[in-house]
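Think of it as A, B, C, D and E in the order they're written, each chain with its own count starting at 1.
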Amino acid sequence: MLAIEGLRAGYGALEILFGTDLLVAPGEFVSLMGPNGAGKSTLLRTIFGMTAINGGSIVWNGERISGLKPRDILRRGIAFVPQGRCNFPLMSVDENLDMASCAVPGTKRSDRDAIFDLFPILRERRRYPAGYLSGGEQQMLEMGMAMLQRPRLLLIDEPSVGLSPQAIHQIFSEMLRINAGGCTVLLVEQNTRKAMEVSTRVAVLRLGQVIWTGPPSAITHEQLGSLFMTGHLDMAANGPALPTV
Amino acid sequence: MLQNLFTDGLVIGSVYALVSVGMTVILGVLGQINFAHGEYYMAGAFAAWWAIDRLGLSYMASIPLTILIVGILSLAIGYAVMQRLVDVSFDAGIIATLGVSLLLQNTATLIFGGTYQIFDGGWLEPMRVFGEDIAQQRVLIFLVTLVVFGALEWLVRKSTFGKQMRAVSQNVECCHVLGVDVRRVVLITFILGTTLAALSGVMTAPITINIYGAMGEAITLKSFAVIVMGGMGSIGGTLVAGWVLGIMESLVAAYVGLQFRDAVAFALLVMVLMWRPSGFFSTKARY
Amino acid sequence: MTAETQAALSLRGVRKSFGPVIAVAGIDLDIAAGKICGLIGPNGSGKSTLFDCCTGLVRPTAGQVLAGTTDITGWEMARIAREERLLRSFQKAVVFRALTAEENLILAGQMTAFRSLAATFSLGPLAHRRVQALRARAGELLERVGLAHMRHSKAGEMSFGQQKLLQFASMLMPEPRTILLDEPFAGINPVLIERIVENIRAVNREQGVTFVIVEHNIDVLSDLSHRLVVLSRGSILADGNPEDVIRDPRVVEAYLAG
Amino acid sequence: MPGIAIGGRYAAPQVAGGVLIAACLVLFPLVASSYQLSTLIVSMVFLLPAIGLNLILGYTGMLSLAQMGFFGVGGYTSALIAMHFGTPFWLNFVAACLVPALLAAPLAIPALRLRHTSFVMCTIAFVFIIESVSKNWVGLTRGDMGLSSVPRPRIGLWSDGFIVHTTVQYYYLGLLLCALAVAALVAIVRSPAGRYMIAIREDEILAASVGGRTWHYRLAAFVLSAAFAGAGGSYYVHYVTVISPTVFDPSYTNTVLVVVLGGGVGTIAGPILGSVVFVALSEALRIAPELRMVVYGLVLTTSVFAFPKGLIAPLTSALRGAVQPKARGPHDR
Amino acid sequence: MTGANAPYGSLSWRGASLAAKEINAAGGVLGHKIELVRGDSQCTPVEGVLGLQRMISSDHIQFVLGDICSSATLAYEPIVENAKVLLINAASSDPTITYKAGVGGYKWTFRNYPTDEQRAGIVLKYASEQRHLHKIAILSVDNDYGRGAIALSKKFFQRYGITVVSEDYFQASTTEFLPELNKIKSSGAQAILMYGYAASSRLVARQMLESGLAGKIALIGNGDFTNPQTIKAAPSVLNGAIEAAAWSPDYDSARSKSFVHDYEAAYGGEVPQVHAFTHWETINLLAAAIRKAGSVDPAAVKQALAGISFDGATGVVKFDNHDQADLPMILYQVENGKPVIKGVFRTAVVYPKP
């Protein structure tokens, strides 16, 4: 259970999150949506301890984790797949996976086999430098690296950017599989249509605050678009929205 | 004579390689040029001199003590300065390490006085190698260099720490994400790099004899040339570049004139860069 | 030749390989002037490399690139931009972050206002007047893309979507003939996508600017383009009317399947 | 990038501040001792090459450590012309700017192929090569013996005129040269070419995509920076009246680097502040000769962490805060 | 006083401090205590000039001893001229310094140190006439001193029938001479003409030993060959070395012996080196000039110094019309690990016609 309360964070003088509140229950698949600059990526980075926190708290399974370093957060079962390429291009797939397991003691040989079963293409390419892999393969590698850390909460930032529809489809189905395996997923995705297909709940951010949250079925694309821009949900078409947080 | 020049060049080149490889691993992991690198070479020579001259230890015993002393010194500097350089710009790193260089150089002068200290140790008796007389110490330098480079190759390629070093050099952000302790990797790499410079200092002290505060300056500049020629970040490249430089210096000193010796490193560097802008062995790391 | 049949950009057997890897395997393509052409294909199919070949960032291993009737093969990127007004955007490098929005646009406009190298060093009244003219035009364009309120903000402090809009505006500064857009809609929200789409349409309609757009967002792209070209493994797999192309079973298999 | 709004107008407080500082500098000799003036003269000696470094590093994004090589070339040029032909200072000075610039152009051809660390090393190499030439071309430079009794600057149109010899006169000469150099730098960075240079610093490929002839502007920055360095060499050699290959000592290069980076790279005022502060600091530390360089080193290292963007950054933001207090709210994002 | 950075500056400082301490212990000069101020020129004109300016305007010094480095000394000459401060050099050997002093122009610069020109002739004369060394290899330090001394030596090559087989200059920081020595070995040179510093001499000697040149090729010139520590580095190489120096610790005069004794007592048994001696001697010379002038006013002292006749450790010190001290040059040859004096020469400096 992840509980974020009144979170204020940003980069130096530039504050991006202004009192963000969000609750994520175990096993949920939550998609964060919102216009550019709403603070979606910043929220993920802040949960993972990568931005300075100016106020508020993040509690994970009853323990306050705000202020901890990424490696300590990782040890508490939260893994992060950031936006853009996060791998070591000159190291082989195997070595990349080695790096993923170095902060989490006790990974076993079988864990890696499980990753390769999840993404068979990686097994084929295990001796290749990661830089030679295609964009989709690299995204799989990064998810594989995160999975190797056996997270109970997976934070994923825009996995579909720059990928072909085929690769996007594959990535999304793997996310569903991971979620089905008991791992809570918190996703940031521009491809709202796709995100709404897979998630159990949508949270909308605007100007650094969560302004609406509810099941994907409770909102249409058109409503979502106007919500992004105006911050108000047009209720007429779709019944009452779920209360915020 | 030609054979002599080659053996001399190889030995001197080994010294350059040994100092430079420390700088290249630091550059790779930290992305910063260490302008103070030669000062650890100086510190190594001073520590050994101190151990021999003041504590009355043997040369043999002074080597591990030197590594220990310089290790502690670089632990302190690594903790206070180098670790913080992860977050600053390349330019700021230059100023910071320049400051460290002035600090160390002049502290040594302050403690040990401005005059030359004379190093008394090592094995200078000649031995015959392939029909040539060569001081045992020079053979030892060559052998130690081979061993160190072999060990480093293994470390970087195979060990977990070596993989972490490469990881930090390729993508710091991603290391944070994966929970690699970047600061620890930087610190240990820095200590490794500086103790290699110190090892080089103690190994060459019997040959260079004169120990003084500013003795590291020239070697810092040569290291720059060597690491760029070798292809920054490449360990094997550093060794080859060190040897090439040593041999070229010998040849130039003998056939062109000793006055051009110190320009060789940089003239050679410009030529190598013309031919291959990324050095002998490009690793395509950091651009 | 009539305006309809004239090509803004032609590729004749363009090949590009990096060592053993063939990125573009001999492509022949004519982009008609005044049209919007969408370019799609799976990752690694050679779309970006093709752009690089057209704009001089890399030199094709073989083949010719023509802008109109001029052979621009092997020209430098800056020359192609200056002389042929063939401009392109990048996926990641978007704007000059340290410059203000207005300065970004003035910079982009300099290529037409200052033809010679020496002229760019002058500070005389003539140069000043030219810069003032660019400044005025920059103001209009910022208005047009809806960024007028950010005129004096540093580009680096804008959101990614706003930066993409700014990048688009800056390509309109030098009165372009052809614009190549590399994933203009990636990573931005639907509202801003809509704004960019409108602008592309308007510029194409009003100024007759030719567009070639690489994009994965097929819904938007097929709606916007007059023609859709599909690349796969460095060659053209399909080419034609967007509605037909996206129903082409080969395309669906290679790209859209699943 | 604090300090300058390229192409725009300077804000009133900036202009007022500049005028105030200029007035102080002009009036300074009324109250200063000759030692304090000498210190400022040396600051200005380093400021001229520093302005060149600022142009190439701060506005074009290439770190060139060749500045002191060109400084030396300028110094030798100025000294040799003055000694052999008895020319007036302005002519020596112009030659001292031109010769390094002409030398820089062919050197740039190989160097501009390189980027980042390799480029830096290549420029270090130039200093060594120039030094080696100055040591071994004994017929021209007298090698290590150096040139001494370099004439003092003669301010006159051609054959006669007034000879600068007191510290105050040297000070005003330096002030004039530095004012010219700063004006030249401002003119360059505010010109369309300057805009291209800044674009290259930000992203070279993107700069090319907007039609910037990146190679040419990088060359121009390299050549112009050499001319600034040569100007410094000319002022230096006519002040110290001696020049020998010791001018190529790396410690001078380090000083110029410290002036630019410590002061605030990519700003007009930064290196000016840096040149005064760091030379004055080094002089102030003469009270403890034993500890002087130790403390200097310590200050350098700490300043990087205390002022990562140079001394000028906190100063400008304080000024800006005083002029236009403005709180950031959620709507800025 | 300003002194060069690192080794030589600190040796000079030790010599000068010792003299000041001795004089002050004996009641000072004319009731004034000698107060030494140290400035660091780092051997560069810029630092030196600033340091000197500071001393003149902040410390109000009246007399300057310095610099070790000729290029810095040359830069001081116009400054002391303006400031009317007396500069006495005790370590720079570039002849130009006094070419330009006295009747040559600068009135406030004196030098109490022999020039390289005097030295060059003496060494070559002895080497060729007494030792029959005619084929020599030049190996000198690459700075104003080394280059200058060799340039002056070249004036004498023809006169003494000397042929040069190679000519090389090394940086003071060079630590590797083997390639050079290998070349010299195969060139058939009988001697190496070297002008350099103690540190390099030790290295050259040690590496000559390594490359089997001991006893085959002699070292001649100047480079602290007679210093016991140099000899200790490679005795078999230095046997037969010829050196002309302004002074050496073995110099046999009562005054010299007592200096060596006092110096060793003051600095824990360290054998004084020539710069320590010249600075010690020059402080004493200055004190004598002040006594003679009866005033500490620099102008009066300058006057007194020009006409002084000072009983120095190596004989009477007098200044010529270029304010250059007429000093003896002592020729040593190392025999059985000990320097032996082979002659004391006084040659008047020949000035170029203005």
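The rule we apply is simple: a contact is a pair of C-beta atoms (placed from the backbone, for glycine too) under 8 Å apart; a residue touches a chain by one contact, two chains touch by 3 or more.
Predicted model only: the values in this text are computed from it and were never measured.
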* Chains in contact with chain B and with chain C: which ones? -> A, D
* **Separation of chain C from chain A in steps, with touching chains one step apart** => 1
* Asked: Can you name the chain that lies farthest from chain B, using the mean of each chain's Cα atoms as its centre?
  -> C
* Between chain E and chain C, distance of the C-alpha-averaged centres to the nearest whole Å -> 73
* Using CA atom averages as chain centres, what separation in Å is found between chain D and chain E? -> 37
* Could you grab the centroid distance between chain B and chain D? Build each centroid from C-alpha atoms only and quote it in angstrom. => 32
* Structure fact -> Cα centre of chain A to Cα centre of chain B, whole Å, reads 44
* Going by the touch rule set out above, which residues of chain A reach two or more other chains? -> 14, 37
* Counting only residues that touch at least 2 other chains, which ones in chain C make the list? -> 157, 159
* Mark out which residues of chain E touch at least two other chains, giving numbers and ranges. => 142, 169
* In the complex, go through chain A and note every residue touching chain B. => 48, 50, 70-71, 74-75, 80-82, 86-91, 95, 98-100, 102-104, 145, 149
* Structure fact -> Residue positions on chain B within touch of chain E in the complex are 1, 4-5, 8-9, 12, 109, 113-116, 118, 124, 126, 133-135, 204, 207-210, 212-215, 217-218, 249-251, 253-255, 257-259, 261-262
* In the complex with chain D, residue positions of chain B that touch it -> 27, 33, 81, 84, 88-96, 98-107, 110, 217, 221, 224-225, 228, 232, 259-260, 262-263, 265-267, 269-270, 273-274, 277-279, 286-287
* Hey, which residues of chain D end up touching chain E in the complex? -> 33-35, 38-39, 42, 45, 135, 138, 143-146, 148-149, 165-167, 236, 240-244, 246-247, 249, 251-252, 283, 286, 289, 292
* Asked: Which chain D residues qualify as touching chain C in the complex?
  -> 1, 5-7, 187-188, 190-193, 195-196, 198-199, 201-203, 205-214, 216, 220, 332-333
